[in-house]
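Step one of this worksheet: look at the structure below.
Per-chain residue numbering starts at 1, and chain names A, B, C and D are given in the order in which the chains are listed.
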Amino acid sequence: MLNVGVIGCGGMGRDHIKRITERTQGAKVVAVADMVEALAQKGQAFAGESCKIYSDGKDLINDPNVEAVFIVSPGFAHKESLLEAIKVGKRIFCEKPLCTTAADCLEVIDAEIKSGKHLIQLGFMRRYDKGYRQVKAAIQSGEYGEPLMVHCTHRNPVVPDSYTTRMAVDDTAIHEIDVIHWLVNDDFVSAQVLFPRKTKYAADHLYDPQIMLLRTKNGICVDDEVFVNCKFGYDINCEVVCEDGAIKMPQPLYPSYRKGAQVSTTIDTDCFVRFHDAYDEEVQDWVNEAARGVVSGPNAWDGYLATCTADALVKAQETGEIVPIVFKERPDFYK
Amino acid sequence: MLNVGVIGCGGMGRDHIKRITERTQGAKVVAVADMVEALAQKGQAFAGESCKIYSDGKDLINDPNVEAVFIVSPGFAHKESLLEAIKVGKRIFCEKPLCTTAADCLEVIDAEIKSGKHLIQLGFMRRYDKGYRQVKAAIQSGEYGEPLMVHCTHRNPVVPDSYTTRMAVDDTAIHEIDVIHWLVNDDFVSAQVLFPRKTKYAADHLYDPQIMLLRTKNGICVDDEVFVNCKFGYDINCEVVCEDGAIKMPQPLYPSYRKGAQVSTTIDTDCFVRFHDAYDEEVQDWVNEAARGVVSGPNAWDGYLATCTADALVKAQETGEIVPIVFKERPDFYK
Amino acid sequence: MLNVGVIGCGGMGRDHIKRITERTQGAKVVAVADMVEALAQKGQAFAGESCKIYSDGKDLINDPNVEAVFIVSPGFAHKESLLEAIKVGKRIFCEKPLCTTAADCLEVIDAEIKSGKHLIQLGFMRRYDKGYRQVKAAIQSGEYGEPLMVHCTHRNPVVPDSYTTRMAVDDTAIHEIDVIHWLVNDDFVSAQVLFPRKTKYAADHLYDPQIMLLRTKNGICVDDEVFVNCKFGYDINCEVVCEDGAIKMPQPLYPSYRKGAQVSTTIDTDCFVRFHDAYDEEVQDWVNEAARGVVSGPNAWDGYLATCTADALVKAQETGEIVPIVFKERPDFYK
Amino acid sequence: MLNVGVIGCGGMGRDHIKRITERTQGAKVVAVADMVEALAQKGQAFAGESCKIYSDGKDLINDPNVEAVFIVSPGFAHKESLLEAIKVGKRIFCEKPLCTTAADCLEVIDAEIKSGKHLIQLGFMRRYDKGYRQVKAAIQSGEYGEPLMVHCTHRNPVVPDSYTTRMAVDDTAIHEIDVIHWLVNDDFVSAQVLFPRKTKYAADHLYDPQIMLLRTKNGICVDDEVFVNCKFGYDINCEVVCEDGAIKMPQPLYPSYRKGAQVSTTIDTDCFVRFHDAYDEEVQDWVNEAARGVVSGPNAWDGYLATCTADALVKAQETGEIVPIVFKERPDFYK
């Protein structure tokens, strides 16, 4: 039984607490932390009375009963918790992003390397989605040859007014940045962003939809339609076109309905429904791997790559140009 | 150019006149006949002023300018026209049924055999539907082995109050009776009808839906869901399960639409839309084959078999029993 | 943590031991029993050394450390274990069938009623399959009106020579018997079996395929194609045709592949892959409900109904007739 | 009956001669022309002995028995025939391209305007494909709001070594250039081309695949994957993403086959099969409209726009830059 402490008891944090408590085999939440006491109490409510409450993540990390740490605080606060947990050698599950700047990511990476242990897994849950895994397995089978192009859509029914053009990269395309790099086992080298005609449903300040174009070291071209006010659903598509065939990710499982001169099936409207099982799997895998002392999910280096790629896409949004993506050489530690 | 005379200028007759005039290559309508003068005039309106009008089909058949005859009159009137046209040796396209009784069918068959020429093609248009033809081609390829079972649906959105339980056989299942027998190249030997729970949308006197069960000489079992008040569309399905695989007929071509948390596509609501191209093809084929002096579509013997099978299904409706289907041995003429 | 004892360490039993140990939250296997010591040891190997080994299920049931019992022994041995476990008031998960005869089922039911507690859940895992649950939810939504017909297929790639005509009912259609009765919330009243042309791949003694026809109290007609040497896959289909629309169960999630002039997707070939998640869910649900002291899955009465229905289908196989299905009135205890 | 003369009796020309003779209602081929006498004779063979043979297209155009002209000669030869046919006021069906340079296109356009009659229809057959027409109808219905993006693929199984990088524009993407501009009723304003990783199946001199990016006046972004050695089929896809929903063009009609643990359907491997009906429809429509004296298909102005757009894409191939597309203002004559 892995004793977990969770830092950050907002919606996502409580979701993880509930998951670990109710659906994860071999782990339990023994401590929660949040600066806002009411949130911490809400978090505790899922985990049970024996769960301790902290206001400061640092104290939680140093609680000797806490064997592993979940970091679900806002992105800017990740670095401090990461460094503290590394210092005391505790395993970490950190929601995306690793850190908000490439420099901070590198600082964390340096610390992890110095610790000599792979401690950090990042919350890119899509790698645990059955559909993506099936696509990756098909690529790896060799039956379809080398990947040449990837066509993606990341469609969301609606976003609040506070959602900005930049968030289309940082909060939305960030998922394709990680999962596609993992899928084709390749790193991105340049980025471009197209702004198509704006939907009338986008706020004045927001470019929506956007098309993100990424190129990998091997020349694979990725196009990602990011459309966050598409109205009709949370619609994630991915097609990998290879030399000997093309592979399209399946859509979620729903019946087909015949009614009113239509055959229809359901599109999800919510990423937590769409990736429900993937969220469960990533946490279960992290718990299982903890027992073996390894990280097989997205790691700190993946977090650094994602941040560098996102930075280039944001620059591409601002300039309209094809922006090179620059990152350090991969340390042996992460090979 | 084949000069065609059309007997019967109701909706279906006029539809054929329009088809021959506008969309059939190598044929034109030179005469129309209907007891109701107003209908005959409506028919003529599609064909042009040079088209002659008759009140009596017999006169039309004997018009020396008429090379071939379309019989689109009510079923009970078919026999007389068929015999007359055979007598004068003119080619015939006859809408289903050939005749309303097996005895009448045999009389027509005798006449055709005596004439020594294959003159009659029956209007079972489904044999010309691209989907059915693809399924037949797949069966004939041998790649899927011998057919063992056929699952069909014949769904119609709604019927008028005048539609009777018996018409589920005579007007509806009659299409599967012909097309499945052609598809698997086998004759039916017994019939059974199930009456499931009635839909609330059926008239008091009508059993709807019904499940028709047919068995062929080779033992192939056919089930046909006939549901004529299904509300949602004109939905024709056919799956042939063979020893080495199963073949499902495609649905008509429509875009898929993403809207309102659904991906949907269209179901037809009308058999004339669903089989639009098949109607055109059957007539074009008849015209093309006329030039070669052969009938490659459904012939008089198919009409006789359909009538015998329908009779057994009606008896099965009345008795609830498994009813043997009896017919004469196939004459060499139709082998 | 629910302490479970597992009786029967054959393939299915060991599968459950593995499941409970590795993937079930809140339960662990503390004892296993098998007459064959080697099998019991194999079972223990999954559960860990602290797991006790018994040769006699009765001893396992009476082990005070065992809180709940899994019965995965052969069907004929179920009754004895069921009665013993009821006697000592322990919760039971029993693989299908409940018992092999209706009389034995009733004896177990009487014992459970007398115990005053709902103790038995049966291993009809399909009720936990996501697709079936979605179909049931759609029916229950009322949007499609009353169910009138259900079309099913239960196709299996191949069976060993030892598989008999009767097993098409007892081992194969038994799954539709339970799941369809649950889906439409109705009981069966009559059964008929059709024997289509035999596939060349069936053993001499085996009728394959078969079509099972069932009618419910409300008149719903169910047809179930049972085809156990279909070669192409483990292919489970279910379409419920209602008054206001039709609902088709989704197929398992696989990518679509473009290669060699085909777009294809995968069909499972194995029921344990097809219903992998359903098996996990049924056990997890049983564990979760144990905490609440209720049985929300298939219960002993469902087991009795399944056995009565199977008996009628076997008689229908033997006679070719429509056989009435007779069972006692449902006791208040199971309402 | 429209008397047609066909200039150019290569494969495509003969295909049109066969089509007009066998499948087009209301037209016949009365003359053919080809510099190569053997080809002209092959062309005549389809049309029948009464069909005249010319070596010079100009003579054919001036044959008083020829009412309308089909130009199926190589692109560079189109201008001369077009100007001649316009001079004598005969209706023209011209295979793409109108002319090989924008300047030549304008010369033809000037001549047509001066003639005061709409004479020219261009052979962009996709506008007559049922799927594209359904998508256009859906856009025009207004139900999906304004189009914002269009995702296309134009995949071809294999090309000969003589196929060049530039031909990916001139011979391949040219179809999307016309059909998408028609679909969304908008003109292109800029072009960009991406070169993804090359497939190992492409000749050394050929970039394959390519991604063509086009932007319209209204800001619609079009991406077109052109992949001419994709191996798996002739695979044409088109999805129009609008403000209120997305519309995906259907794939051609084929059965679904269950075999070998797969459900599969067929992908065409040939554009003449894929667009068989569209070729027939475009010619039939041209014949029908001839009777009314109008051109409702793609006209000379569409040909000019296509040439200008193709020029920009070729420049984009050469420079890697986003290239503006420049064309004259649309004359009133073509509004």
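Definition applied: contacts are C-beta pairs under 8 Å (C-beta built on N, C-alpha and C of every residue); 3 or more make two chains touch, one makes a residue touch a chain.
Just so it is clear, the structure is predicted and the values come from calculations on it, not from any experiment.
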Steps in the shortest chain-to-chain touch route ending at subunit D and beginning at subunit A: 1
Counting C-beta pairs in contact, which comes out ahead: A-B or A-C? A-C
Greatest Cα-centre separation from subunit B belongs to chain A
Separation of subunit B from subunit C, taking each centre as the mean of its C-alpha atoms, in whole Å: 44
Using mean CA coordinates as chain centres, what's the gap between subunit A and subunit B in Å? 58
Per the centroid of Cα atoms for each chain, what is the distance between subunit A and subunit C, given in Å? 38
Can you pull out the residues of subunit A that are in contact with at least two other chains? 231-232, 244-246, 258-260, 265
Counting only contacts in the complex, subunit B reaches subunit C at residues 145-149, 151, 194-201, 209, 211, 213, 215, 218-221, 223, 225, 227, 230-232, 241, 243-246
Which stretch or stretches of subunit C touch subunit A in the complex? 22-25, 130-131, 134-135, 138, 143-144, 244-250, 252-260, 265
Complex contact set, residues of subunit D against subunit C: 157, 231-233, 235, 251, 258-269
